[in-house]
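In the two complexes below, subunit A is the common chain; its partner is subunit B in one and subunit C in the other.
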Partner chain A sequence: MNTLRLYVKSIGMLLRSHLQYPSSFIMQTLAQLVMEGGEMMVVILLVDRFDNLKHWSGGNLYFFFGLMAVSFYLTEFFGRGITGDFPSMVRTGRLDTFLVRPRGVLTQVFCGGTDPRRITCIAVGVAALIMGSILSGISWNIFKVLILIESIAMSCLLILGLFMIEAIFSIFSVKSVELVNAITYGGRSACQYPIDVYPLPLRALFTVVAPFALTMHVPASWILDKPLYGWPLWTAFVTPLSGAVVFTVMTCFFHLALRHYRSTGS
Partner chain B sequence: MRGYISVFKMRLRMELQYRGAMIGGILCQMFFGIVLVALYNALYEGKPQSVPIENVATYVWLQQAFFRMLLATDPDLVDKIRSGDISYDLCRPVNMYGFYYARIMAQKLMGSLMRAIPMLAVAAFLPKGWGVSAPTSALGLLAAIPALFLGLLCICALENITMAFTMKTLDPRGMQALLNLLMMTLSGNLLPLTLFPDSWQKVIRFFPYAQLMDAPIRLYTGDFAVSDAIGIYALQGFWAVVLIALGMSMWNANKKRMIVQGG
Partner chain C sequence: MSYIEVDNLKKDFIVKKKREKGKLLREKDTVNALKGVSFSVDKGELVGYIGPNGAGKSTTVKILSGILTPDSGEVQVGGLIPWKQRKVHVKNIGVVFGQRSQLWWDVPIIDSYNLLKEIYKIPQGDYEARLKELMGALQLEELMRTPLRLLSLGQRMRAELCGSLLHRPELLFLDEPTIGLDAVSKIALRDFLKWENKQYGTTVMLTTHDMEDIAALCSRVMVLGHGQKLFDGKLPDLLERFDTVRNVQVKFDTENPDIKLPEGVEYKRSEDGIILSYEPAKLPTAQLLSILQESGNISELTLQPENTDRLIAAMYKELDL
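And then the complex of A and B:
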């Protein structure tokens, strides 16, 4: 609980510090809005031209897009320490100062960064979710709301876990590994569309290695009343938990990797 | 002129040094390419379009292969602007605009060729509709090469215009993000311009952004007839001249009111 309070407090401080430069902040936030709006426009243009993607209607696609946008940018908003700053912490030796303080390293990393500019990206995602929900005619009930919340929370944990792979790599080789981007940012691009449109190797990658399909597509397709592969209801509740599994495993690896951490000395 | 050529050559050699980064970049870009091609294939299954899927796949691969040409900035220059070291450049006996134009051109040219050749070699072996198909005619390929070069001139000019904005505001991120988004969308990187609504295409293809990658790719795939090549070159050349003139005047204006950030 103490850790959580510390985190909330640090994030509050960081937010205030970001707001010290209001014009730059507003400009960058607007830039984020335009960027995410551009991504959304691509989906709209595709739906305009093709109407359907296999058996998914345009409304379904907006729903999937919104789910990915909300999860991914919530993660970047609150987990900036891992998703953005960590490799540079290793390179510049800032991580050393974390090692001597009486708190967990991971806690401090999380407390060290936030990216409030992403708020507009999240807004675009929420708009896409609402638009998708209306166009697909979803009849909401308490189960569906619960599943949606679980799906978003678990997807955030999954994305954090995947960014931690990059963090672990950066401990061993000081130059950050661009290839890991293929499953984080690549996963975002690929999995904003439902998984079953892809050929088997890609499906396997995003079900087993980086289980976006389990945390997002299984529950979302159940919400849309088109269960993925015809799986029963309980899978929609169980499979998203894989996000928590990935996060836990990566946390263990992260602590193992920290034992091998050698400071760059600067 | 000799000065600019030697800057260009030095930068070419420098770019050749980063082979490790290159391999990571290639694999990442290939992954994005495969995902996009898979998506378009799935979309085409439901509703085939007038543009054949082979052309769309080729378009995607060429865009991914030359991605570095679109999106490569000169990190040194941004640092120099922020730290104030740019004042040293004012002492050089060359035109600053030309100096950086040559540098960025070498970086984009070498960086993208080094990535494009291995990527396209692999993509050529993918099955039809998934990989790069051969150009419709040898003439199409020949016509695409000068168009690519003219496109490169336009990109470098656009890059320098972005830099001019950075000099004004010192914080490159907001403006850069906006200009990059315009570039990624309107040059056909996010979505092939051939798949934009037909009414939009009539306008978009005359924008400067469409001259960068879209024009050469369409000459290659045969969406533009080889007989129209002269008109396309003229349009590209027109934009290259306009953009360079605009960038130069912005740089000159900036030079007059430049405040060096001490230190």
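And then the complex of A and C:
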């Protein structure tokens, strides 16, 4: 409880400090809108040209796109400490100041960063979800709502877990970030389309290594009444939990890595 | 048992060298940052920790404050092992790094303090009383609503100190606290530290390059070099050990007096006369003066004590640091 309170207070303070530079904040937020709007445009053009992709209709594609956008940018909004700021926390020695305070390091990392500019990206994602839902004619019920919430929450944990790989590398001051980006940003770009449009190696990558297919595509397909690979209902509830698994495993590795933290000179 | 016990502390760092031409892998180099340092500090002591850059001062402080895990050796602070019982341990310590901020850059400093209150779970009443006291002692009342980024260096250091003492730590680590401060700020800071130490018996460990900090504050000084402890004792004792050279500035009536100097005396000509450096242990001052008197009519003569910075430089040189 206390940790949550600390998080809310910290993020509140960071938001206020972002707003210290209002014009810069507005410009960047609009830039984000243009960027994510452009991504959305690609899907719209694709749907306009081809009507459908394999057995997925245009509305289905918007739904998948929206699910990824909402999950990914929610994560960046609230988990900026991990998804963006962590390497610089190591470099500038902010991690040292976390270590001399009586709170969990990961808690403080989360409390140390937010990216409110992503609000427009999240809005685009929500719009895509609504559009996809209407065009696909989804008949909503309590199960589907629960599955959608679970899917988004677990996808956020998965994305955090994947970004933590980068964080762990930066504790050892290793700069192999590009490799990690292939599954984080690469995962975002690839998995905004349903997994079964891809050839086997990519399907394997995003099912086993970075299981976006399990946290997003299995539940989303079920919500769209087109179960992925014809899997039964319970899979839509169970497979997203893989996001929590990835996050937990990476949290353990993160704490293990901290024991080898070397700090920077002063 | 003392408050801080450090026994045979060792820490190595592996540094990767630049890749040589024609080799696939970079060679690695091991740097022994600490090669078995031992000391103990009692509660309420004010200890200065000096040594040239790269001697291992910061590494020691980082191990004592729970940031780094040592390779071997034993450390206890108030009965706790810093890196193993980190969360309990850091409740009792305050840390100020001279060159990196612990407060939030863009918000008024009072907001930073309010967040620190949450982080350390300080009860509201204690917090208000302590904040009021520190604001008074550090003259921060008028700066409370100013964002950190708009403060001058001296003001910022005072703000940092306030932040690190809100939870009433038993032990305060200061890493070069007076770096870049003007004379007034330095003196104010030293006065505050003396007051805090006397008022609450706070143990203070201070790393610095400014010998005046040590002279003004620390009853005890430790010298570290090449990862080893080289001296541990009072500052005057340290100076005595290395304060071997004296300077005499002398002016004669005649332009080019003929001075017959014994060996071991350095002779330097300057605009204000002649500067002679000698070691009183080898050549008694009285003997030097009589030699000078025989050489001509002296019009001016000053004896200069060695300044502390030069002494420390000489000491580092002698100890081959």
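Just so it is clear, the second predicted complex is superposed on the first by the 262 of 266 C-alpha atoms of A that agree within 3 Å, B and C clash if a C-alpha of one lies under 4 Å from a C-alpha of the other, contacts with A are read in each partner's own complex, and residues count from 1 in each chain.
In this text, a residue touches a chain if its C-beta (ideal position, glycine included) is under 8 Å from a C-beta of that chain, and two chains touch if they have at least 3 such contacts.
Everything numeric here is computed off the predicted structure, so don't read it as measured data.
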{"item": "Partner chain(s) touched by A:T83 [first = subunit B, second = subunit C, both, neither]", "value": "neither"}
{"item": "Subunit B versus subunit C as contact partner of A:R49, first or second or both or neither", "value": "first"}
{"item": "First, second, both or neither for A:L99, with subunit B first and subunit C second", "value": "second"}
{"item": "First, second, both or neither for A:S170, with subunit B first and subunit C second", "value": "neither"}
{"item": "Partner chain(s) touched by A:L6 [first = subunit B, second = subunit C, both, neither]", "value": "second"}
{"item": "Partner chain(s) touched by A:S17 [first = subunit B, second = subunit C, both, neither]", "value": "second"}
{"item": "Subunit A - residues contacting subunit C, complex", "value": "2, 5-6, 9-10, 13-14, 16-17, 20, 92-94, 96-97, 99-104, 108, 259-263, 265-266"}
{"item": "Footprint of subunit B on subunit A - complex, ascending", "value": "24, 27-28, 30-32, 34-35, 38-39, 41-42, 45-46, 48-54, 175, 177-179, 181-182, 186, 189-190, 193, 197-199, 202"}
{"item": "Of all residues in subunit B, those that touch subunit A in their complex", "value": "20-21, 24-25, 27-28, 31-32, 34-36, 38-39, 42-43, 45-47, 49, 171, 173-175, 177-178, 181, 184-185, 190-191, 195-197"}
{"item": "Subunit C residues touching subunit A - in the complex, by the definition given at the top", "value": "13, 58, 62, 65-69, 83, 86-88, 90-91, 93, 95, 97-100, 102, 104-107, 111, 114-115, 118-121, 147, 175-176"}
